[in-house]
Amino acid sequence: MQLELSLRHDFGSFDIDVAFTAPKGVTALFGPSGAGKTTVIDAVAGLLRPQHGKVVANGDVLLDTAAGVFLAPNRRRIGYVFQEPRLFPHLSVRSNLLYGQRFAPRAAEGQDFDKVTAMLGIGALLDRRPGALSGGEKARVSIGRALLSKPRLLLLDEPLAALDAARREEILPFIERLRDAGLPVLLVSHSIGEVARLAQTVVLLRNGRVVAAGPAATLFADPSLAASLGGAEAGTVIPARVAGTEPDGLIRLDTAGGPVFVTDAPTTPGTALRLRIHASDVIVSRTRPEGLSALNILAGHVRRIEADPDGRAFVEIAIAEGQSILSRLTQRSVAALGLAPGVACHAILKTVALSRDDLGAA
Amino acid sequence: MQLELSLRHDFGSFDIDVAFTAPKGVTALFGPSGAGKTTVIDAVAGLLRPQHGKVVANGDVLLDTAAGVFLAPNRRRIGYVFQEPRLFPHLSVRSNLLYGQRFAPRAAEGQDFDKVTAMLGIGALLDRRPGALSGGEKARVSIGRALLSKPRLLLLDEPLAALDAARREEILPFIERLRDAGLPVLLVSHSIGEVARLAQTVVLLRNGRVVAAGPAATLFADPSLAASLGGAEAGTVIPARVAGTEPDGLIRLDTAGGPVFVTDAPTTPGTALRLRIHASDVIVSRTRPEGLSALNILAGHVRRIEADPDGRAFVEIAIAEGQSILSRLTQRSVAALGLAPGVACHAILKTVALSRDDLGAA
Amino acid sequence: GDPVIFAAASMKTALDEISADFTAETGTKPAISYAGSGALAKQIIAAAPADMFISAAEDWMDKVDQAGLLTPGSRADMLGNTLVLVATKDEPVDLTTLPAKLGPKDHLAMAMVDSVPAGQYGKAALSHMGLWDKLEPSVAQADNVRATLALVATGEAPYGIVYKTDAVAEPKVHVVATFPADSHPAITYPVALIKDGPAPAEAKAFYDYLKTPKAVAILEAQGFEVLTK
Amino acid sequence: MTSALGPVLSAEEWTAVVLSLKVATVAVAASLPLGIWVATVLARSRLPGLWLLNALVHLPLILPPVVTGYALLLTFGRRGWVGQFLDQWFGFTFAFQWTGAALAAAVMSFPLMVRSIRLAIEAVDPKLEQAASTLGASRIAVFLTVTLPLIAPGVIAGMIVAFAKAMGEFGATITFVSNIPGRTQTLPSAIYAFLQVPGGEVQAARLAGVSVIIAVGALVASEVIARRVAKRIGGQ
Amino acid sequence: MTSALGPVLSAEEWTAVVLSLKVATVAVAASLPLGIWVATVLARSRLPGLWLLNALVHLPLILPPVVTGYALLLTFGRRGWVGQFLDQWFGFTFAFQWTGAALAAAVMSFPLMVRSIRLAIEAVDPKLEQAASTLGASRIAVFLTVTLPLIAPGVIAGMIVAFAKAMGEFGATITFVSNIPGRTQTLPSAIYAFLQVPGGEVQAARLAGVSVIIAVGALVASEVIARRVAKRIGGQ
């Protein structure tokens, strides 16, 4: 599926004017608080009827102000996880979860109730009312309610913000699987890790305008956008493919820069994956280091160096045509190692975060 | 200030039974969703009147069910940032922010309105009503409202969850300054980074019970608690002291394991700081490595190794008496390097997060 | 079937008693709707299913008559009443001294002087005696005679002008003067049968029964003057 | 029951009690759907002419009851323009029937019912209704599954004030359908008749007592129900 | 104004209009604080005996107005147990005064006012009040700065139904303070008087028209105010 969106609206104190195309997969809306992310999502859901705009999902025109088209929200079959939970206070958790099901076409395929509640850890709460839930519990029920409504498009507005890391780790793979099963997702998140892990496409918003939009890999590798993407959180995404499992259980992945070993990944050889590499997790060495605990050492050469005013720099290391890794170093290290564009070097990776790539995606 | 709390309450479907003492500074309540964090905070604020309990803040008895003492919430002078914003819908942002001021004693010292609004980036929203704010804007106004009420104790329930990294970076130092100025803070956060940066004391909750409580440094260095503290997010905190500024602008800090260089820190020599070291950011080497971009190499020896079932291990490296660093490695590396308790090694640090220690604290 | 009788509310005590006797004798049970004469007249004009109308005032009966709804020849002035001055103190009053007896804060209770019959008669009588102009500012007008009586009975007003029939039955008040019959138009309660009622035969029987000595005795015991004996 | 209350109520009065209950119940039940609809329109619609509907609904409150009764008589009486039509086409008439008393009670209590329901609707968070619509619920489904359950306490409150008013309504009823025992004589009409004759106060007080007991019973019952509903909504 | 309406209203009727306005306004204004207090108690308190207060408040709705008027007479009349006391100690009396008409109107409209306000209070999120209390506001301050502004639309609704009812109240008023032109003759009394004489319907309709215009004017004004308040609360 593909989502085309253009939207102009003036709230008086804030005006928004954005347009972007979201291909198949997860598209992340990223940007500071008040940038207009929720506004965009509301327009897709049909909760905001913008002054000017057009929204086309998979060829269906949901909105076209020029042509006077406006499809009512209930006919869009959208699963919307709101920024605040918005649970129905008069219904039990179970009834909240099942609410959307009765309105969805019988034939449409949906998620399994027990699986979803287990994944969200809300199985014990089914008979409670939302008034007696904790903040994170409400957020989880809200996710479940949207997932179980058999949506054709998922809108997630900071769905995991109220959750602990462990719980997030249980929900993220589920969203990955939905994405891989072909469900298009528009995701708002302030966590660059989440975005890098889930999103193929990133739309960077600021002040009601699109600052940058494109494939996640391209945007994340652009040192000039690194600050917009959250400074210390900046990082890159490179493609990888599962090679096999080693005798000690580590899984070997092949990348353009050499092998990478991880503990936790799909084991089917050939599976395409995306590795997210945090810029501040990358150590640079001119020579291949020995005797280190770090197993993952990728060879490449310096492509670009962007110095910060605060004494640090982003170093872009090309490991293949169109594939780069960003490293965040002190300028002292840049000088000490004699790094400059064209210089050959090694990137030493400690941690890699990875997500399964949509096999059909670019 | 010191906070003593004991609390027993049965909701029917959930019962809580906790007791802990929070010394001066920031005390973090950490635990999975539904653990009882908000319940504890509500009891401190006086919004929950537990079946049994006692809360003593700085010698003032706020609650003592045995003695029938219950101080009304409005007489506790507490600044509570709720998990959901709870702004007054009928008041402008400005009036929301100023709400608490008129009830506080004139003489009490408070925060400067303009500074707080500037830090929160809500200066342009002052004449709006909460209904016209974005999620993150609401969260920021809610923080401002609590800060400006001249509180004697601050309760923060996931105050930054709805905010982007950049905004968080602007608010965190402010909270640090409040803490350093002596304002006691009880913080709920799912971000281990935030907790490690702000908190001297951590109380680990699970299922309505205290799993562990104590100084942050001790808890974070305990490999058996690492999983509870969020697996991959685990890390340690070690004390450091500012030594001076190098010619290239880097700031040199002295630790028990040797010098550490950072770009962004207080420059006054002698300032006590706390360094937060992410377990997965630590690379281990038997010999002192050369030619690496990483500047920070601390010497120590292995104290303990805790293997995970998933092929990884936490290695605790002692750099001094009572000071350890955790490193998260694959078991292959542990074997390849021949690490075992007592073995001398080097910890190579890429990134360090740091926070200014309360000079009066332990 | 049972005849439907529309009767002025002030007839209730007497009529209920007569109706009970009538039922005992004939087995027919009249359904009597008590309300203000004006309301009843308007309802009859609006095609209410009534067989008989007893009005507390001639003018409302005239209205029904003009609408051509009365059974020809059935209209008769059935009852007469007397206008009296009542007070809580049992102390006869010379009507001409009434203005002097009322203190500056005292009120003379009457029914509404322009719309309710008892009030209209009272105003006519006072005017005839040349007392109206002096008394008018002190008059408190109630919406019916019973409410007027209640004002006196509760001590709210020291004096009130009501029908003798009402005064008789209220133990807390005493008749302290009687208005001369020539000081106001004759007080009469006209009765008539209504055309096209649901039970004309039974209604006629009840109409006739009202003239029996037994009925007359009940009416007179209530203080009415029976004109159709 | 008739026999149990025998010493307290005469057969005729007992009939009036039963009739009042019937009238009030039917008045409330029959006007409820229209009341909910009008309240929804007044709360949510932004049409320009709505003030007129609003004024119309409030009229019975503003006018003395006798005027309303008279207007009903002129409209729904057998000679009235609507009454005539109903009579001719459906053979149905309100005039001088208990149904007319119910109509009068319904009209008189309608503004009270609408106000309560409307206030409740205005208190419903539209964000919840939006959430329901994204989950596939049509406007009607949203109303039935979200709005209606959430306004239940307000609807109950509206029904109970309407019921109380209907139990006490007198002016419009007696003017419209008269005071015919067994057919249109409600408790308040019976009380009125007693108050019109000397010595009737005691009788009137007795009937008023019965009326109060019934209405207060309904009131207390409604409170219990409303509390229970509100508790469910509030959580646990 | 008197002269402008000259062709429409006689001097005496004009006096009745002014008096009705005064009575309704004072009735609403004077009962408002008590109404808010009673509504708050009914909405929030959990005392066991509250159903009695609730029943008491609803009594004027349940009972025929004449009964209420009679009860007022027995209580606040010059010989009534409260009236006597007021007269002796303060030289103040409701009897036959416009203040008595205002008292009757206030009592009759009180249940309507309380219902509206109570519904509004029940819709206030206690979490907001909690937030205010943590910010240092005492219970009274919370009420004044949070609860009261949030229930403003409900208070306005309550005031307007009470005003409408007060403009139309007749039965209790005339029973309590009777009908003294210029002092206690309100519009409904004047209308009633016209309806009691044959041919008076046209006159009655004229006065009813005046009454409706005033009340509908107040209604529309209140809607505008309530909308504005609600809009401010809803955000921009």
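Note that the chains take the letters A, B, C, D and E in the order they are written out, and that residue 1 is the start of every chain.
By our rule, a residue touches a chain if its C-beta (ideal position, glycine included) is under 8 Å from a C-beta of that chain, and two chains touch if they have at least 3 such contacts.
All of these numbers come straight from a predicted model, not from anything done at the bench.
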Touching subunit C and also subunit D, the following chains: E
Steps needed, at minimum, to go from subunit B to subunit C via contacts: 2
Highest C-beta pair count, chain pair: A-B
Centre-of-Cα separation between subunit D and subunit B, whole angstrom: 60
Centroid distance [mean C-alpha coordinates] between subunit E and subunit C, Å: 35
Centroid spacing, where centroids are CA-atom means, of subunit A and subunit B in whole angstrom: 26
Computed distance of Cα centres, subunit C from subunit A, in Å: 90
Shared-contact residues (touching 2 or more other chains) in subunit D: 66, 70, 192, 195, 236
Per-residue multi-chain contacts in subunit B, two or more chains: 84, 128, 132
Residue ranges of subunit D touching subunit A (in the complex, touch as defined): 127-128, 130-139, 141-142, 145-146, 149-150, 152, 232-236
Complex contact set, residues of subunit C against subunit E: 36, 38, 41, 59-60, 62-63, 107, 109, 112, 114-116, 139-143, 147, 150-151, 154-156
Contact set on subunit A toward subunit B in their complex: 11, 13, 31-34, 37-39, 83-84, 121, 124, 128, 132-137, 139-140, 157-158, 161-167, 169, 190, 192, 230-233, 246, 248-250, 261, 263-264, 280-287, 289, 291-295, 310-312, 327-337, 348, 350-351
Touching residues on subunit B, where the partner in the complex is subunit E: 45-47, 72-74, 76-80, 82, 84, 86, 88-91, 99-100, 103-104, 128-133, 145-146, 149
In the complex with subunit D, residue positions of subunit E that touch it: 51, 54-55, 58-59, 61-67, 70, 111-112, 115-116, 118-120, 122-123, 153-154, 157, 161, 164-165, 167-171, 188, 191-192, 195, 201, 204, 208, 211-212, 215-216, 219-220, 223, 230
